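Right, I'll just put the structure down here and ask away after.
In this document, chain identifiers A, B, C and D correspond to the written order of the chains, with residue numbering beginning at 1 in each.
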Amino acid sequence: MTKLLRHHLFWPVAALVVLLVANTVARPSFLAITVRDGHLFGAPIDILRTTAPLLLVALGMTLVIATRGIDLSVGAVVAVSGAVALSHLASSPNPDSPVTVLTAVGLALALCLVLGVWNGFLVSVLGIQPIIATLILMTAGRGVAMLITGGMITTVNSGPFKTLGSGFWLGLPVAAVIAFGVFAVVAFVVRRTALGMLLEATGINPAASRLSGVRSKTLTWTVYTASGLFAGLAGLLISADTMAADANNAGLFIELDAILAVVIGGTALSGGKFNLSGTLVGALVIATLERTVTVLGISPLVTPLFMALVVIVVTLLQSPRMRERLASATRRPTPPSEPQPAARPDSTEVKAR
Amino acid sequence: MTTSAPARASRALKIPTRLDRRYLPVLGTFVVLALMLILGGSRYENFLSPAVVSNLFINNAHLIVLAVGMTFVILTGGIDLSVGSVLALSTVVTATLLQAGLPPAVVIPLAVGAGTVIGLAHGVMVHYFQVQPFVATLAGMFFARGLCFVIAPESIAIDNASFVGLASWVQIFGGWRMSSGVLIALVVVGAGFLVLHFTRFGRTVYAIGGGEQSALLMGLPVARTKVLAYVVSGTCAGLGGLLFAMYSRSGYSLTGVAMELDAIAAVVIGGTLLTGGTGFVLGSVLGVLVLGLIQTIITFEGTLSSWWTKIVIGVLLLIFVVLQRALSLRKT
Amino acid sequence: MTQQTAPAVVEMTGISVEFPPVRALDGVDFRLRPGEIHALMGENGAGKSTLIKALTGIHSPTAGTILVDGVERRFTGPADARAHGVSTVYQEVNLCENLTVAENIMLGAEPRLLGGLHWPAMRRQAASHLERMGLSIDPSSSLGSHSLAVQQLVAICRATVSDCKVLILDEPTSSLDTDEVAHLFTVMRALRDDGVAILFVSHFLDQIYEVSDRMTVLRNGALVGEYATADLPAAELVQHMIGRSMEVLEAAEEVVEHAERPAAATPLLQVVGLGRKGSVQPFDLDLYEGEVVGLAGLLGSGRTELARLLTGADRADVGQTRVSGQTTRLRTPRAAMGHGIAYTSEDRKGEGVVDGLTVRENIVLALQARRGWMRPLPRKQVDELVASYIQQLGIRPADPEALLRNLSGGNQQKVLLARWLATAPQLLVLDEPTRGIDVGAKAEIQKLVADLAAEGMSVVFISAELEEVLRISHRIAVMRDRRKVAEIDGGRATMDQVVDLIAGGGTA
Amino acid sequence: SDAGGEPAGGGETDAATTDDGVITLGFSQVGAESGWRAANTKSIQDTLTAENGFDLKFSDAQQKQENQIQAIRSYITQGVDVIAFSPVVETGWDPVLQEAKAAGIPVILTDRAVDSSDETLYESFIGSDFVKEGEMAGEWVVEQYDGEGYKAVELQGTTGAAPAIDRKEGFESAVAGSDLEIIDSQTGNFTRAEGKTVMEGFLNKHDDIDLVFAHNDDMGLGAIEAIEAAGMTPGEDIKIVTIDAVKDGMQALADGKINYIVECNPLLGPDLAEIAQKVVAGEEVEKRIVVEDLAFDQESAKEALPTREY
């Protein structure tokens, strides 16, 4: 029990379960998945699809945070990516041709890669503090996206491109397949090679890492590049979802959601040890939370308050202090007076709403 | 073993008389700010007028106060993402209560106090529950914003006579103007400076940023100081809200979205390290002026489309940060 | 001077501290009397620092009582302890580098003016405290601009600022040279004569015998016994500490002392006129295979800076470097590693340990970095490698998955050594490798260095402990005022000769 | 003409004289938060040109009231002939408008009104009546579907924003008394993506949605995506009513995916030009000029579409 409570994924998973239970109570068929037109349909599938872009952004963010950095520009990069892809499609005579779509995707990803390289350059070569270095692109990036779209929302019809956002593959949403697939590959690479450890060393003690021969600068540069690339991919999924490039709103505040996902997943913003499986759960928690607001029928006026309370409860439960308390409460012969898992009342409260 | 006696003097460290390295980033900011003013002055008519400089302060008084509070938190190695929302909350509380007929003498402490209470909650979360500052204050940001909507989703005008009287107090010396908001902001800057440099609390703020573990082992009151830093920031945000309410004579729940980024950017541009321990309140004030000046330049340029505005802000920020970095690196 | 009869000012009984699953202290009793210097002895990881932290409220004991002045107390932390007259200098220098020296000394007992800090008075008072410790540095300089040794002295100044009944010094001498140590002892004796109870931890036995009145020995978290220093011969003390007889150690020392200086071939590393502006003056140095070169010098004489230029940690701006006869430039540590050159920094906390990683990860870090991220070492090989170093260096706890930050200072140092040995370098530059290491381990490290040299490795050895440098080196380079002033034969040099050179008197 | 013609150092022009007949107009736009806004900006920039006798100084406040106040102050110091702006918020303009008044610079409001006790602070307001837009949508719905027991969901604009509050109010008052029931209402933040996610949630939650009222076209377009993904036909299985009438919305209306759109006309440039000229010439102008908002059903959309400007 103690071991379970101490597991780093315990609280994020518990939060996810509580949210799902709350939804199921409000809407008993919430977890039902039906087959419609040969693909799966239902709230859980929707959640997987809406998680997809956030997951990609959070993936890059986790790696950046591991090196003690942060990337505020991801939202702007999302916007740029969508703008480039859709503008290219819109300007081409045949937006339905796979070649055009591939070119659009390629162009968008290439530009986002360059944006990532730019962030990496500012941080690792010029030594500018990450938050301010990426703030520059956060501001200017949306301007670039608007420049590309001329300030309008660019829309286009392109079957193959639309598949990215709302298509299905083997019954599953293509967006989810892509995001979870990329996530799995990156997680595999990071953990099966020495990359993870070297990133962590860089994040914990850059000076010691340098003296140990770790190419800290190159690594730092790489993670920002990766973050740009993943944000670009997320931008494609987002724009394909509605088939519109909205330079102003695409990916707005996604950096905060992504950081939150990383933190809920148990990775400290101070860098070092990171936890990709936690990030995955964190992203799912956030996507589910958004759905929960609708399903529980929470008034828009109290939605931010509700979100805040959930975040506060989850983070407090996850806090080292609470964990210790809970762990020692379960370890001891359990005196009945001890306010057992202090969490319980709060979590049922969430359910009750 | 106790062999001894090489001259003590040989071990004395020669302390260079050159400027303390800690001041370099601030100095860098100052130099680039001056350059910007000069360039602006040569490019635009009326740019270097007292009116423009006075407006720079008048328009940014609330941001100066936020930046002072933010400096405390960042010096401890933390961050406060809630200030924009808390500022909005304070404007909403001010406007709602004034509209309900309460006198300013009651309303003002309540509005500022709302910030203090939220700051205290942050401090407790950060210190006692060891929640990461970014997350604790992000939750606070959602919370304050949510509370705004619950109190008043629509914007509320303030027409309480004595409040308006206070808000519209202005002193004019030649072309220079000084509003009550600016006066309050300057007092806050002065107080922030004195507290940071002449109290144990202030020095402990620096010590915590230099190494929390070390500060703890030095027997400094880490817990109290850390919590207090967030209280200071929360209070400043509440006060900033009050200034904003005075400035705009209204309260609105959507005010100050992303203003925390401006405050953080100002502090960082002012030479404070986000890792904590190094930086100055006066630097943060310079940082605010830089951001304000960028905005002024944009307006004076007068032909930028919406997107070029964003791009130019980004580029100016970049030029600024890189120049400042170059200036502060040159001598290390 | 020892007041054997006086009632204990600190009395700890049955203290246990646990870091599950480790039991760091197990029912330890400890008594400290006014007017005595009491040494706390034990191997690395024996629990000395933990006992100190239990007393001052950083760790809360799971069992036992603590009486201070006869009153039962559980301090809430260093501030509380200090308020009750217990001042502590913890093992790693725990001051704030971003503050000035004056602040580091005075904060907490700062002079005030109109309710605010009185800066001029603060600087004055700090200066006089520094004076007492024999330091003439500017109190308004920032602490970070000073070497570790100076910082350590500043930490001690801080502890003695407020009137304390109990002064605890956890390895205060680890980075001091003989002269500083002598000065510190003078101060300690003066305080003792004023009736202050001093708890002193050091791995230097001669220092212990020189200054302490009584000692308490710990082994594996348990109390071995309390003794009057005068009644306990060193050999017996070591046996109490390590649970083995002294002979093992002496055997180890034998190997070192009888190691032959190898015949000279082409130098492995040859530098000519290497220097850096604002750092060390240009110097020449040849390093041969199988040779141990010691660097001797006073605190701040430039040994560390020289070592950093040799290993690419700092970039030289003049001079030439030849590795095995080939001219190259060592721009980064990584480049140096490519030539088989390894460097362990003296700054364990800042440039050594990656404290959030495990012992295993810390040990393989350099090796893995050299291979590149794409070629991870096979897990099996890693486990074997790590297990062998844990065993060979006696790293405790012997758990590869323990986080490095939870290891005792000495054990962290051993892990760092393992990190570099694992890369099988041709030239190993060791900056203060034995700092904070217990007698047993120190002898083993010396033996290890001798063995490595015998196998053909070239070693540069820096230590504040002159005897050690003399004992282990085939050749000694002497540094003074950031210049290399002499090079002498390690076999023939005498202590006095070296001391003279260091101080600026004699010639080679 | 800004620098050249004016006395150096003079912060204020002597009254509103324009020596060269060119009107210098400082315009402070809210930002560029939506396609609607972009069309609005374009209309203004395309109309207030040099050919038409204007020297337009334009600035984008990035949705920040403080930036807008700053810009207006700056226009005052620069001594423009007319100041026009689309206020981010309704309240909080008195101090800066008083400064403009003291400097003798007339002010024109566009798109959104200000909430001020002193009407003399501005010359004229040109814009839409958001409450009326909501009412028009509601009236059409009642006319079409009353008596069928429809269950409707509402996609609200950004919480706290004037168009969101007003359109909700207007719609609710118009449908009051009919048998249409608003079963759920969430914010979709005026964006397509959020409109889609929220609609997905509604579809997960309710099996019996008959109608969607979206506060703008974008959210309505997002809802269409969600409805289609759920295997239903927008415009038929679920009726959709929106506000704005931007091109994409009109196209969807013509395609039968949306049932009704109330226009919110962003083309305020010509009106602004006219009023500005009158104000500078000292003529009387109307205090409140509500632009005519049309409404389109599927038929009229097909007709209007080829000639839509935005």
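General remarks:
The rule is simple: a residue touches a chain if its C-beta (ideal position, glycine included) is under 8 Å from a C-beta of that chain, and two chains touch if they have at least 3 such contacts.
These are the chains along with the protein names UniProt gives them: A, B = Simple sugar transport system permease protein; C = Simple sugar transport system ATP-binding protein.
The structure displayed is predicted, hence computed values, not measured ones.
If you take chain B and chain D together, the chains in touch with both are A.
With respect to chain D, maximal separation of chain centres occurs for C (centres as means of Cα atoms).
The distance from the centre of chain B to the centre of chain C, each centre being the mean of the chain's C-alpha atoms, comes to 42 Å. As a whole-number value, the distance joining the C-alpha centres of chain A and chain D reads 33 Å. Taking each chain's centre as the mean of its C-alpha atoms, chain A lies 30 Å from chain B. For chain A, the set of residues touching two or more other chains reads 146, 151, 300-301, 303-304.
Residue numbers of chain D whose C-beta contacts span two or more other chains: 32, 38, 41, 159. Among the residues of chain C, none is found touching two or more other chains.
Each chain pair that touches appears in this list: A-B, A-C, A-D, B-C, B-D.
By the touch criterion given at the top, residues 26-27, 30, 36-37, 41-43, 46, 50, 146, 150-153, 155, 166, 238, 241-244, 246, 248-250, 252, 290-291, 293-295, 297, 299-301, 303-304 of chain A touch chain D in their complex.
Touching chain A in their complex are the following residues of chain D: 32-35, 38-39, 41-42, 156, 159, 184-187, 189-194, 196-198, 200-202, 204-205, 218, 221-222, 225, 229-231, 248. Of all the residues in chain B, the ones that touch chain A in their complex are 125, 128-132, 134-136, 138-143, 145-147, 149-150, 153, 261, 264-265, 268-269, 273-274, 305-315, 317-318, 321-322, 325, 329. Remark: chain A residues 72, 122, 126-129, 131-133, 135-147, 151, 247, 256, 259-260, 263, 268-270, 300-309, 311-312, 315-316, 318-322 touch chain B in the complex.
Note for the complex: chain D touches chain B at residues 2-3, 6, 8-9, 11, 26, 29, 31-32, 38, 41, 45, 57-60, 62-67, 69-71, 73-75, 77-78, 89-95, 115-117, 158-162, 165.
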